[in-house]
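Below: one structure in C-alpha cells.
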Amino acid sequence: MSKRFKKIFDNNNPKTKLVSYFVGCYPSPDQSFELIKQAIDNGVSILEIGYCTSEASAEGPVIKAAHDHVLRSGYTLNDTINLVKKIRDYNKEVGILLMGYIANLYKYPINKFVNDIKKAGADAVLVVDAPHELKEENELRDALNDNGLSLIKLAAPTTDQKRLEDIVKISSGFIYQVNVSGVTGVKSANEIDVANFVKRIKNLTNIPVCSGFGIKNPEDAKKVANSGCNGVIVGSTFVKYIQDNINAPDLTQSFGKQVQSFSEVLK
Amino acid sequence: MTKNSLKTGPDELGYYGEGTSAMGGMAVGETLMPALHELNQGFEEAIKDKEFLDEFAYYCKHYIGRPSPLYFAENLTRELGGARILFKQEHLNHTGSHKITNSLFQVLLAKRMGKKSLICESGAGQHYSATAAVAAKFGMPLIGVMGEVDIARVNQNIIKAKHYGAKLKAVPGTLKEAITDAIKTWTTNPEFAYICGSVVSAHPFPKIVAFAQSIIGREIREQSLEQEGKIPDMIVGCVGGGSNFAGAIYDFLDEPNISKIGVEASETAALSNGTPGIMQGMKTYMLQTDDGAKSLGGMSLGAGITYFSVGPLHSYLKDQKAVTYSSATDQEMLEAYKIIARTEGICSALEPMAAAAEVIFRQAKDKPKDYTICLSLCGRGEKDLDTIQEHIGKDFE
Amino acid sequence: MTKNSLKTGPDELGYYGEGTSAMGGMAVGETLMPALHELNQGFEEAIKDKEFLDEFAYYCKHYIGRPSPLYFAENLTRELGGARILFKQEHLNHTGSHKITNSLFQVLLAKRMGKKSLICESGAGQHYSATAAVAAKFGMPLIGVMGEVDIARVNQNIIKAKHYGAKLKAVPGTLKEAITDAIKTWTTNPEFAYICGSVVSAHPFPKIVAFAQSIIGREIREQSLEQEGKIPDMIVGCVGGGSNFAGAIYDFLDEPNISKIGVEASETAALSNGTPGIMQGMKTYMLQTDDGAKSLGGMSLGAGITYFSVGPLHSYLKDQKAVTYSSATDQEMLEAYKIIARTEGICSALEPMAAAAEVIFRQAKDKPKDYTICLSLCGRGEKDLDTIQEHIGKDFE
Amino acid sequence: MSKRFKKIFDNNNPKTKLVSYFVGCYPSPDQSFELIKQAIDNGVSILEIGYCTSEASAEGPVIKAAHDHVLRSGYTLNDTINLVKKIRDYNKEVGILLMGYIANLYKYPINKFVNDIKKAGADAVLVVDAPHELKEENELRDALNDNGLSLIKLAAPTTDQKRLEDIVKISSGFIYQVNVSGVTGVKSANEIDVANFVKRIKNLTNIPVCSGFGIKNPEDAKKVANSGCNGVIVGSTFVKYIQDNINAPDLTQSFGKQVQSFSEVLK
C-alpha cells in the first residue's frame, strides 16, 4: 500500500473518508482539474479518476454519457495521466486512484502504464473488469506491487465467502465494497445490507473498506458511513451534478459546496 | 483427446492457448464472476448427465427439426464448374437459423440450474427470437437487448419474440452496444441466466456455445460420409461472433487436411484487420483504436455479422494457423444472395452470404470436381427481405 | 387395396364415388383436355418408376428437410388438461409450409414429361413461393397468379418468389379469382405445366396432389408408432382446398377408428355450408348462389383457406361420413395463434390455426390423457405477421 | 340436328354463315334484344346467346367484363331463356344456341333446362367446360338429343386426332372449331393454321364447321371464311363494340352497320 493511503486511513479525521469519482478530463481537462481542486479543497480524501472506454460494462447512463463525451472529444488515457500529475502537483496528501477498464491498459501496455502513473503521482488502480482470474490482472497487480502502488479490488454482494477471502488476500490500499448488484448510479443501497457486508469483510481483514454505489445524497452517505466502513464512495451523483450544471458559470464554486455537503456529514 | 488437440477447449479460466498470447478469459466485473463460475460448474455437470444430453437431443429433433439436411447444391456446382458444393441447411431449423440450437441448450441448462429468468442480446434478432421461442416453451420470462439500428432492419424477429412473450430492451447502436448493455442488465440481475448468442463474451460462454453448436459439425461428418462417402475437403462459414462456423468446424479441428475458412463482414473483419485486445469480457482480435479506448468498425448489411470483435476460439485458431479467415463486402454478399436464390431456390439470410461469396467468388471455381466444399447456410432470408429489396430490388424486376 | 377402400382414388375420369353423387371429374375447356389426359398418363407412369420416386424422396429429404418432426406439444397439452397433442411440424419445411412437397412432386413430374415452363396459382403465396423455389432449382420459368387482396397481405412470399426468378400475375380478388385466371393462363399456354396448389381443380390434380402430400400421413404413422407406441386417435387439419389435411389423413382413410376433422374458415366453409356444384373444373361442395351462377363466400384472415369451394375428395369423404368437417372463425384462429405462440414458442401461419382452434376449443379438453390428437401445423407465421399485428398486436404489449 | 340448323347450312346464301356471340341480357334484357334484332336484320345466321357465371374460365377481359355486369345487375339464366323466347318470336329462321358453363346448368338442373330452352325456341347448347368426359355432359347430350336439339362440341388446336374423331362422332348441329389456344378475344388466328384445321375436320365429317376465336374485323372474317369453313364466329369484337359505345344514343343502329360490315364480306 502506498504510504499516502496508509496516512489517510490512519488519520481519524475525517472519521469516514469521502472518496469521490471523477471522469478524467470531463468535460475538458482544464474544467476537470478545476472541479477536482474544489473536491480536494472541500474534504475529499481519495480521488478516483476514471479513464474512458467505449464498452464500459458497469456504467449507468450518467457516467456512460460522460465517458462518451470524453471519447468524442478525443481525450485519452494519456490526457488523464497528465491530469493526475497536475493534481499531484496541486496537492500531496490526497489519494489518487485511476479507475477504468482493462481494454486501455492492455494496449498501453501494462508495465508502461504502471511506470507512467507512478511518475504522475497516482497511488492505486482499480480495473472494473479485471477479476483475479484474468491474466492481465495478475500482471498489473505484480507491477503495481513492485512499484509500491495498490490494486484496489472490488467485493460485490454476489461475492461468496470463499471468493471474498481470496479477494481480501490480494487486496491492498482498501477494498471497494460494491453495495448493490448493478451499474453505477441506478439502484439505491440498503442500509442493513451494507452494514452486514462491511461486517463480513471486517471479519476477514484490517484493510480499510470503502463502500460505494447508490449514494445519492449526504443522508445516504451518512447512513452508509454508519455501517462502519472507512470510506464512502460517491460517483454518479457528482458526475450528474456536473452534467446538470455544465453550462452554469459558477459550476466550480457550486460544485465545491456540493462536495462539502457530503464531507460535512462524514466528519 | 490428446494434450495437443485443438479440441481440448479453454482451460479452467477460459483461455485458449497458453502464455500471454492466450485468448479468451473472464474480463467482467466482480458482480458477475460468481455467476460465471456457477455457470461453468453447471455446464460441466450437465454435460456429464446423460439424461440432460438426451433431453437436449430430444428437443433438437422434435422442436428444432434437427438434423438439418446436408444438401448437394447441384445447380450452383454446375454453374461454378469447379468443386462440389454442399449446403448445411441450418436455415431450416425452427425460427430460421442455427441460433436456436444454442438457445435451446442454454435454456435447458438454465432450467437445470434452477434459474427463473433469462436475458439475451441479439444482432440479427435471430438469437432473440430463437431464445424467445425456447423461453416460451419452457415458461421462462426473457429480456432481450438489441441495438436500434438492428431493430429497424430485422423487424420480424422482434415481432415474433414479442408474440412469444419476450420483452425487448432497445439501445442505440448495433450488436456491440447490445452486448455491452446485456452485460449491464445481467450485472443488475445476476440471478438471471444470461443466454449468450455466440462464442463470445467471458468464459464459459465461448465454451458452452461451441459445445452446443458442435452438433452441426458432427451432423456434417455423418451426413457427408453417408451421402458423399467422405468428409468435406473444405468447410466455409460466416463469422460474426463465430458460433455457426465454430459449430461447423469443431468436430474437424484436429484434421488439418480439411480446409476451414471463416468469413467476416469486411466492415467488421476483426480477424483480418484487427489486433488483440480485451473488451466485452474476452481477449481476442478486434477492431479498436490504438489505445484500446474505443471499439471501431463500420456497418455491414449482415446484421448478425456486424460485430467489431470475434469469439476467442477463432483468434486462437487464427494464431495457430489452423483456420483461415477472410472477409466479404456487402456487394459480394448481395451478389451471392442473388446467385443462390436463382440457382437453388433458397432465400438465404445475408450473413451466410458472406461465406457463400467466399465460396462462389474465390474458392469453388478452380477446384477439381471431386473436391467438396461444405457451406454453412445458417439462416433464412425473411428477416432481410426489406434490406435486400432496398439495395438490389430493381435487379429482380 | 380392396374395392371398398376409401384409398382407391378417383376413377379414370376423376370421379370419387359412383353415380350422380360422384365428386370430381374434369370440367374444363376442350383446349386443356389433352393436357389433362397427358398429365394423368405422365403421373401414372411416373409413380411406377422407382427412379422417379427415389428422386422425389431424395429432394424431400435434402431440399425440403423431410420428414418434418412429430412434436409432442407438452405445454399446450398441460394447459388444456385433456388429450395428448402432437404437432406435425410441416412449417419447418423449406419455404415454410406443406406446399413445397407438392410443388416438388409436380415440378419433377413436369420435368419428366419434358415440360419447359410452369404456371401456378396461389392464395397465401406459400404455393407460389414454394413452386418458385423448386422452379429455380430445376431451372424452369414460372408464372404465378394471385389475387390482389392476397398479394397485399402475404407480401413476403411475393418478394421471395421474385428473387427466385418467378413472374407474378396479379388479378383482382383472392384465391378463387387466382384459380380461374390460372386456368385461363394455362388455356393460353397449354404446353406449359400447370402446378396446382391443392387437391382441387380438374382431374388428375386432386389425385396428384393427394398422392404427393400423402407422405405427411405416412410420416405421422411411422413417427407416432415410434414415439408414442401407437398411431394417433384423431387427426385435425385446416382445409382450404384441403391438401395438407388430405395428406395427413390419406394413409388412415381405411381406419375408421381414427377420428378425422377438417376445419375450414367459417367465412368460406364449403363443406359445412355449401351445396354440390360444378365450378373451377370439379364437382364438389361449394358456396354459390342457388342458380349456380355465382360463387359466394366472405374473407377469412387465413389467406390460404379463403376458398369458396373444396377438393372433391373431401366432398366425397363428407358424403361417406368418413371424415368430419367443421369451421373456425377469425377470432378463434387469432386466439389459437396466441396460445400456441405463448405455450410452445411457435409462430404459426393463420391457416392451421383454424385446425388448432378446433383442437383447443372443442376437442382436446374433455378427452382422456392417453388420447392423442395430431394437429397438422402446416405453415409458419412470417407471412401473416402484419395481419396479426393489425388485429391483435395490442394483446402482446 | 334441328331442322333450322339444317336449313341454314343447306342454304348457299350467304356462302359462309355469320355466327355471332352475345352476352345474354347485356347490357340489359331490353337493350340486348334490340341489339340482337339488329344482328338478325343485318345478316347473322346463328346467334350464340351467352349466359353468365362468375368463374367463367375461357373468357378474356372483354366478355368477362360483360358477364360481371350482367351478374351484378342480377339477370339470370332464366332471364336469358326469356330473351331467347322473344328472339324466336321475332324471327323463326335464325339459329339460336345457348352458350355458357356447366355450373348454372347443373343447378338448374339439366333436364328442366333442356325443356325450358326447347320451349323458348333454342336449337342448341354449347357448354365451354363440359368435355365428353364429364358425366353432366353425357346427361345433357342425351336430353338434347331426345328433344331434337344439338350439343355443339368444341375442337381446339390442342385436340389430337383420336380425340377429334371422338368429338366428331358425338357432334351435331355444327362443330365449333377453336382457332387459337387461349381465352376469348385476345390472340389472333393464323390463316394457314385455320385452313389446315378445317381440312382436318372436314376429312372426318360432313357436319358443318364454324370457326371462331380471334376474329377482329371483316378482313379477318374473310380470311377465315377462305379456309373453307361453313361459318365464322365473331364474339369479343361485337361485345367490345357494344361495351365501347354503351352510352351512345345511336348504339343500336350503328351496331347494325358493324354487323353488316362482317356479313357483307361473307356473302
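For reference, chains read A, B, C and D in written order, and residue numbers begin at 1 within each chain.
Note that a residue touches a chain if its C-beta (ideal position, glycine included) is under 8 Å from a C-beta of that chain, and two chains touch if they have at least 3 such contacts.
Quick caveat, the model's predicted, so the values are computed rather than measured.
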Number of hops, chain A to chain D, where each hop joins two touching chains: 3
In whole angstrom, what separates the CA-based centres of chain A and chain C? 67
So the centre of each chain is just the mean of its C-alpha atoms; given that, what is the distance between chain A and chain B in Å? 38
Linking chains that touch, what shape results: line, ring, star, complete or other? line
Pairwise chain contacts under the document criterion: A-B, B-C, C-D
Please give the residue numbers of chain C that touch chain D in the complex, ascending. 13-15, 20, 22, 25-35, 176, 180, 183-184, 187-190, 277-281, 283, 288, 290-295
Would you mind writing out the residues of chain A in touch with chain B in their complex? 51-60, 71, 76-78, 101-108, 128-131, 133-136, 153-160, 163, 167, 178, 181-183, 186-187
What residues on chain B touch chain C, complex-wise? 61-63, 65, 68-72, 75, 89, 92-94, 132-137, 139, 156, 159-160, 162-165, 337-338, 341-347, 381-382, 385, 388-389, 396
